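I'd like to ask some things about the structure below.
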Amino acid sequence: MPANLTYLGVELARPRVAFFELSSCEGCQLQLLNNEATLLDFLSLVEVVRFREGMTEAGDDYAVAFVEGSVTRADQELQLAEIRKKAKVMVAFGSCACFGGVNQLKNRFSDQEWVKREVYGDFHVDTQLARPISDVVKVDLMIYGCPVKKEEVERIVTDLLLGKAINHPKYPVCMECKANENICLFDLGEPCLGPVTRAGCDAWCPSNRMGCWGCRGPADAANIPQMARIMAEHGFSTETLLDRLECFGGFAAHVEEIRKKG
Amino acid sequence: MVEKIAFVDVLKDKAVDDLLHDLSRFEYTYKAEITNVYPLTQTERLYQIQIKDPDERNRFIFRPGQFVMLELPGIGESPFSISSSPLRRGDIELCIRGVGNLTNFLARLERGAEVGISGPFGTSFPVETMQGQNIMLIAGGLGLVPLRAPILHVLEHRSRYGEVDIIYGAKQPSELLFTYQYEMWRKFDISLNIIVDKADESWQGPVGLITETLKERIVVRNAETLASNTFAIVCGPPVMFKYVCKMLTEAGLPMQKMFVSLERRMHCGRGKCCRCNIGSTYTCLEGPVFDYWTVMNLKEAI
Amino acid sequence: MIFKVFAKDELTRLFEVLSVNRVVGPVQKGLDRKNRPIYSFEVVDNFDDLRLDYPSTLYPAKRYFLPFEETLSSFTLESGSWEKHVDYNVYQPQVMFGMHACDINALNKLDKVLINSVHPTPYYASKRRNMFIIGIECMPQPHCFCRSMGADTVQHGFDMFLTDLGDRYFAEILSSTAYNYLLKIKTMEASETDHQEYRQVVREKSSKFTTHVDTTDLTKILDMEFQADVWKQWGDKCLSCGTCANVCPTCYCYGVQETVDMNLQAATKTKQLYSCNLIDFAEVAGGHNFRPEAHIRLKYRYYHKHRGFVEAFEESLCVGCGRCGESCLANINVPEVIASVRYEE
């Protein structure tokens, strides 16, 4: 493993990175391990000191922390504070960490005790509302997606190492969907959040004829009122729109506004 | 017997010596070397860059006001106005502020590092047409960067020009560029007038907006010479040149004798990507140097 | 121009003769929710897959000339030094079997800015020069306004253009390559009857347009109405999603991205077609955005198409294919936008 990395003659420090998981399926971390072809290259860029899914050792000396999952318990808040103290760069890894993810769907229910009984029965679990990690600590970088896209993570890590700014696409999924020359899902009679959701996934779902559920949160110029009109024009109810907007938590502010208007 | 359609090698279509129409030039980059780096301020550095191949170096000529695209493989490519004298062959100076991926990485490179250069591109200040007349060069902040090439041209051909004023405004004294050359400019009979928004302990000169200094110089140079015998070159932030050009117009300077250099983000520099378009005018082809009449007709310029 | 006619079944033979090359043509891609067929330009191996009577395609054939993403160059790096490698990504000629006049006109317009200008781009030129184009006459659809844009007929930029005369095709032959290929099938000299029938088809086409755009003095009107409120109304609808640019046969704007391989030994410079409606189209290093609002970006799009290009080339950059309006989920379409700017609604 090279001790020193250089690019164009500039020495680059190989960052020590650690992976953590809060309430999540750990599927985002699995994405990285899935990529055997480039795994060795990835490991030559960074020094992984902690990665539960891939190694036994668990080091505490790291500069970059990738945190997957949302905050749903009090002890996770303490854990996050500890990680934040050590990490120079705090990365929210995947939709759960960025927005609360699928977990935050439980926040829709007014009676949280009922939710606990339904899910856990008599088994006592001390859970709170699901929150994004930015509610608890300062986050330096978001990596969106449910799950994250491995090619994108690899590019982001390479750019971090080089000191390049991490720029997510500001435009919506439609741009990538049309670049793939897909038939618009609305033309096929399906709802889709592609017009308002941040791109970067290469229109993963729409290219497989699945309407977008907004896992990457809103694009920079997301026109939600127009999205609502489009859904209505195509015969989809406000509830269908809200179900989608609420699925990953990225559109929380917009949902609140729509609900307020009734 | 059926034959395939013959393959056409497009590179053989055009005369190789026609640089502007040679297809192989489109993505061609001169390999160049950073021969020197000189910090001008906390954020701006002056890079001396030399094209490596001696033949290419000798062939590289530019006019004051033109720009080059500078490329670092895998990092990025951006336009930079050439700040050195056109008399220097193939060895150019670029004054660069670290604000993006490319410029920040550039700041980490050492002397001797290899970079890519293409160009020169764009329009230039008509310094030949300006001969025999007075010139006012007005710069705000980084706006001095594209003005340094015409300034050096005037210095090198001093006898061909009348009275020369440089009016230069900066936020604070620490942001002034090319301070080491001010003495030389003044010795060549150039009236250098500097004003800062905010003084520090060392600052002896005037404090205020550039328009105040300009107002004084307009009085000195009087309405008659402004109307009949003066060219102006203006570069700075949009708000600044809007006011400056308005003042000069009111003082009688004809719009077509006023030149500005505009800045836009470019991805190609070759009139293809449309990213630098103002209205529907390509800054990279029809600019970056425009006369003020043209600017007035560009819907989005100011 | 040389004209020939040939029996319809001879076209199968012509396809076979040409199919030693890569052939791209209109095929049915699927059905929409109302069971209407959707057409697309795809690589075709079998003549029976071709749908030459297609009304229009969802996407233009642009990706065969101007791919959405294309590598401009790649770099290999070694100890501080680097080498740049350029590849135009063209290895074989292609046959475009069945393009409508609007789409060929689109290529002619792209030629002006991408080939016949300073700094011509070899990526496009190499693909364009290695295309054998067979045009085919069409009947206007409700969204077509090519006639208003002067793009309902095409004079050049193809090798052969076919018009369906019922039992036979009327062929305009523009290139020697086309002439030579036609020698491989049974053709006849066009007779006066053929000419008459051809004129009849053209007359019928002309009479069938239902959508019109008034382009009289449009460049001036766009300048006059630069601050008009109608732009804001359209801007409120705009999703800033870039769909209109991606389905447009003439949109060529792009962005460049440079990426470094994970092994730090190589880098790639990639071009992606971009859209002037995307929020960061005119954003500069440091963050300033020259067009921060949707309506300003939308207006710019119309300016480029209907004013700037006219100023530069004395013709609009729009061919009136109507695809942008058909694909826009917000129902923003050229005829209505221009009518509103002219206060004709």
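In order of appearance the chains are A, B and C, and numbering begins at 1 in each one.
Convention: a residue touches a chain if its C-beta (ideal position, glycine included) is under 8 Å from a C-beta of that chain, and two chains touch if they have at least 3 such contacts.
All values derive from a computational prediction rather than experimental measurement.
So which one's got more C-beta contacts, B-C or A-C?
Contact tally favours B-C.
Of all the chains shown, whose C-alpha centre falls nearest the centre of every protein C-alpha atom combined?
C
Approximately how many whole Å separate the CA-defined centres of chain A and chain B?
43
With centres defined as the mean C-alpha position, give me the chain A-chain C separation in Å.
Measuring from centre to centre gives 37 Å for this pair.
Check each residue of chain C and list the ones that touch at least two other chains.
Where chain C meets two or more other chains at a single residue, that happens at 77, 80, 82, 259-261.
Would you pick out the residues of chain B that each touch at least 2 other chains?
72-75, 100, 113-114
Provide the list of chain A residues touching at least two other chains, using ranges where the numbers run on.
7-9, 162
Give every residue of chain C touching chain A within the complex, in rising order.
Touching chain A: residues 29-30, 32-33, 38, 40, 58-59, 63, 68-69, 77, 79-80, 82, 236-243, 246-247, 259-264, 272-273, 275, 278-280, 294, 327, 329-330 of chain C.
Quick one: in the complex, what on chain A touches chain B?
7-10, 162-165
Mind listing the chain A positions that touch chain C in their complex?
Touching chain C from chain A are residues 5-9, 12, 38, 41-42, 44-45, 154-155, 157-159, 162, 170-172, 174-175, 178-179, 181, 183-184, 186-189, 194-196, 219-221, 223, 225-227, 229-230.
Would you mind writing out the residues of chain B in touch with chain C in their complex?
These residues of chain B touch chain C: 2-8, 10-11, 13-14, 20-21, 23-29, 72-78, 99-100, 102-103, 113-114, 116, 263-265, 267-268, 270-275, 277, 279-281, 285, 299-300.
Going by the contact rule set out above, which residues of chain C touch chain B in the complex?
Where chain C meets chain B, its residues are 17, 20-21, 72-73, 75, 77, 80-82, 84, 86, 88, 91-93, 95, 113-114, 117-123, 125-126, 129-130, 132, 177, 184, 223, 226, 252-256, 258-261, 267-269, 274, 276, 281-286, 290-291, 300, 303-304, 307-309, 311-312.
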